[in-house]
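What follows are several structures.
Both complexes shown next keep chain A, but they swap its partner, so chain B is in the first and chain C is in the second.
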Partner chain A sequence: MPNASSGTRASGPTTARVVRTAALLALVVVVLLFPSLAPDPFILSVGVVILSYAVLATSWNLVGGFTGYISLGHAAYSGLGGYATALLILRSGLNPWLALVVGALIVALIAIPVGIASLRVRGASFVIVSIALVLILQLTFQSWHTFTGGSGGLRVPRPFGPDVLRPEQHERFFYLHAVLLALALLTWWAIERSRLGAGLKAIREDEDKAQALGVPTFAYKLTALVTSAFFTALGGGLYALWFGYLDPIFQFSILVGTYMVLMSLLGGVRSLFGPLLGAVVVGYAVEVFKSQYGDTQFHLVATGILLGLVVLFMPDGVIPALTSFLNRRRRAASIREVSAEELARQREEATR
Partner chain B sequence: MSTSPPTIGSVTTEGLTKSFGGVRAVDGASVAFHDGEINALIGPNGSGKTTFFNCVTGMIRPDAGTVTYRDRDVTGLAPHRIARSGIGRSFQLCRVFPRLTVLENVLVAVQPHGLLERLRGMRNPDDVARARELLARVGIDHLEHAEARDISYGQQKLLELAGVLMGDPHTIMLDEPAGGVNPALVDRIADLVRELNAEGRTFIIVEHNMELVMGLSDHVVVFDRGRPIAQGTPAVVQDDPQVLEAYLGV
Partner chain C sequence: MTGALFAQSLVLGVLLGGLYALLAAGLTLYFGVMRVVMIAHSAFLILAAYLAWYFHERTGIDPLLSLVVTVPLFFVVGYGMQRFLVSRLRPITLTTMSVLLTFAVALTIEGLLGFVWTGTQRRIQLGYSGTSIEVAGVSIAVVKLVAFGLAALSLGALYLILRRTSFGRALRATTQHPEAARLIGIDTDRVAGLGFGLGLATAAVGGTALALDYTIYPSLHWHWIGPLMAIIVVGGLGSIPGAAIAALLLGVAASLLQVPLGTTWAQTVFYLALFVTLMIRPQGFFGGRLAQRF
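Let's turn to the complex of A and B:
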């Protein structure tokens, strides 16, 4: 029987597998060559920004995609990651790379009580707590001058010395982001295949049912959130090391969190590369827009509209919409007999 | 057919109570189901059978009362712990994971202890082989790659049963297994229940199909307004005046 569904695959190379391997190789080659192909440092810096978005969106997807718990406040973790890295360098004199990792570990610890408070109840409470967290952090980091630099911002020491010129800086950070992205993707991929992943996806589909089958739902959701916070913080920290400056307004902004959601939803939360694709599209659009029209509020409106359109018309994202469109064309005869809803309705009518 | 008194209680409740607003869905119910047997829980619509199931399986925390399972107090435990203690359940109106494949739906039920065990691949050969065996047993192994939302309602019911079996439960609680499925499938489900019971599994079945209940069960508990009004063998229960009244309103 030809196998149109994703996931399970018998042994032996199928066309789908060959295509996927080729696409993956092409992606790796493009990423590796991008710095030498980029015509100028600006384009290269856009590349860094897009990879950073891709890291953040892929990290967001570790909780959003697996569990279906939509966090609009993931900027809390990227912002904290940036500040933790900077403060560990400035106040504790840690080596920048060590500061990056230790900072992310601290943020992962912080995510534990946040998760305990917000993951118990389903639905809106998680979204609201996630937004509240960002706003609280923004206010705190703005007003706590002595420690965080306050609203004046915080200068982050550069890990590479002054003898490393700008384009060279961009290039190094481009590859560093690529490595981090690869790690986040690898983690997502490993979880996706695991029993943990099966449990998480079951939570996304039907949490009660998952529990009844023995999935320790709370522990799993918390695991996903903490893992996601860890990678998001690494993303925020690495970006801070590159950008060299932290401003609480931009670090703890709802907009950054919304971008992560939009990118993931657009590309597809169920696919490994969905958030990456979304990040390329949205990140590119945002950067072009900024450079053309400056930092107006219009991109807020555009983001909102785009998010609405995706949720309404392609709730699974672009990649899945395309694949299922292709699959449905190929697989004309469906195995569907009568859907569950139809039967439930018939039954309701019969018992009335 | 007389049944010898059970040595271990299966699911046993004392004064189990759960209200929704003013409605006492389960009202001080004290019930004992028999281990190793096919038990039925019947009663008019709205008599609290599903709520009773939900209290026993931890989906709802009861307001009062206790739930004991095989001589162990399980009141108020989280659903996954109750599942792990050996109680599997299906849901009224059937619940599967619509966007997971049929095979994945069954594999979800493999949830061992320990982080390392949980990080193992879900498609390890042993689990997949067992899942396929169960799918074959309920007769839908040919659909393993289909998404659960794309199979028929009857097939979803069978899939739900296969998922429950993957957890290897000692006791299986089914909420209206024959609801909304065609007569041929009802027979198939009944045969499966008999087979599984012969292998030593206990059943507690909520069902409206009286023919099925009476033909299948060893022990019947009748609910009315949240509490048992009769229990015993099908023959005894069938002639109970209170049961007739609750059902027929005479």
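Let's turn to the complex of A and C:
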């Protein structure tokens, strides 16, 4: 992971840059080679699922990581993205790839009123609305038989012709997901370096102070949410095109939203590659669990306990925990980002 | 809609609203003392319902008697949950992290319920399950009346505890201004723990009432937490009277809409109310100062 090397910054920016670039290249090479290395189509399909999780978690992090507003209902946007893509293909005969983009744009539009309702006030309402959104969408999509296919589900037409066989499908979608992931990561990276990113991070650390300094907090938060919804919808739509079938229970599932939070939190919401790392770990664990033990209730318990442990003991994630460990060993650079929490702790220790 | 049907739905709505009011009062208590949105509230509700069902299944005694065990048990669990889990979180990120933590607890409970008692739907059959009384052309099932009575009694008791006892005064002081409460010598940590216990005790009562009248299954709690959260936002976060009024109004509205629209679509009235409230009056309709910033 390139970020783990940020602790070596003290030994000179050039070395750190070389290490980072090398790690990034290695990551790209691994992703590119994975389909040809995968021993069988099943492993390849697991790879697609993990990449899809990585797309969703990275998209989630566009709002969760930057603003600190935790959304437990991001499955609403991925599910809507899937349905929008499928319905646009089925009902208006749109080209699948065009439908994917148009669908995601529609979902981004839907996110605007949701954001207006939930972002005007702080934290608690946002979470409540995010959960409510998933629950209401599940209800609606299950009951609205004539339009969404109801609880019976909806078959999504395949974008590639029948001559493209299954392993070939997996391989193509693997690369498509990789491209989408790269786009999401690039967006995160660009925002982090922008004025918008600085404003969002200020909101995360102390919204009152950010507002006092003239950050247009509401507009910034809304921008982050809409961008996040757009990418989440693209992720959901692409997954729907690959999987070929939509079931409201699984599309608008609280559990999918939880996975996104768990992955981002575990990897570290403040780092670019945190959600990706989390997605690889959690996604792999979920898939192994499913294939070993089937669909028992026990995965709920495991997810719940893991989430609880992360929240209690490692709320900043693996990457920050590692970086701070490395920083403690070597002297850290003089200017670096400090969270409001660390600042409070430092001040407390100074007054003691 | 005929007059008789209207009256019938109205009565059913009020009866359901009473149960909502009790549960929303519990949620409000957690939010008041700790600024915590307790997602696991309805999971504990279903747990209590399962305990009542299991108690009845095993002993054949009326499930209402299980309250003797579940209420104190839930009180202790709630106290422990606040003291050993929620209070460990860092204060600066408490609101969001506590949501995740209680969410994790909810998932764990749901999973364990499914693990121990499988996903099969359960229902208590009692001697008086099918009986109903008729008042002025409106027939009311006895179990619904019993559930409402339980809820009303507990709400009354809660009101007395909060208004008439010194602990209640301490709890209200902690809700209004924790720092000031500490300054005048209130042990706010202990009060917060007890407030949590009290909140969870409402889930025990509500769960038993629920078990009398509903078919229960492990994932049922999602159907409760959505409406309950809508109720506390509409009522104004942190206000118990507000929550009770909103619970009754929305309960009646959902019940009336059920006739023309059916059960599923009627449920959406809660989410619609949540959305409209946040759009036009984010601090809720009956809430006080506390709700402004959340």
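What we mean here is this: the second predicted complex is superposed on the first by the 318 of 352 C-alpha atoms of A that agree within 3 Å, B and C clash if a C-alpha of one lies under 4 Å from a C-alpha of the other, contacts with A are read in each partner's own complex, and residues count from 1 in each chain.
Rule of thumb we're sticking to: a contact is a pair of C-beta atoms (placed from the backbone, for glycine too) under 8 Å apart; a residue touches a chain by one contact, two chains touch by 3 or more.
Predicted model only: the values in this text are computed from it and were never measured.
Student: Taking the superposition on A as described, I'd like to know which of chain B and chain C A:P157 touches: first, second, both or neither.
Tutor: So A:P157 meets neither chain B nor chain C here.
Student: Touching A:L307, do we find chain B (first), chain C (second), both, or neither?
Tutor: Only chain C; A:L307 stays clear of chain B.
Student: Which holds for A:L213: it touches chain B only (first), chain C only (second), both, or neither?
Tutor: So A:L213 only meets chain B here.
Student: Report for A:V127: first if it touches chain B alone, second if chain C alone, otherwise both or neither.
Tutor: Touch status of A:V127: second partner only.
Student: So, does A:R193 touch the first partner chain B, the second partner chain C, both, or neither?
Tutor: So A:R193 only meets chain B here.
Student: Taking the stated contact definition, name every residue in chain A that is touched by chain B in one complex and by chain C in the other, in rising order.
Tutor: 340, 344
Student: Give the list of chain A residues in touch with chain B in this complex.
Tutor: Within the complex, chain A contacts chain B at residues 1, 3-5, 7-8, 190-191, 193-199, 201-202, 205-206, 208-218, 270, 334-340, 342-344, 346-347.
Student: How about chain B: which of its residues touch chain A in the complex?
Tutor: 57-59, 78-80, 83-84, 88-89, 91, 93-101, 103-104, 107-112, 117-123, 142-147, 149-153, 155-156, 163-164, 166-167, 179-180
Student: Sort out for me which residues of chain C touch chain A in the complex.
Tutor: 31, 35, 37, 39, 85, 88-90, 92-93, 95-97, 99-101, 103-115, 119, 218, 222-223, 225-226, 229-230, 233, 237, 262, 264-265, 267-268, 270-271, 274-275, 278-279, 282-283, 292-294
Student: So in the complex, which bits of chain A are touching chain C?
Tutor: So the residues of chain A touching chain C come out as 68-70, 72, 113, 116-118, 120-125, 127-129, 131-133, 135-136, 139-140, 142-143, 254-255, 258, 261, 265, 296-305, 307-308, 311-312, 315, 340-341, 344.
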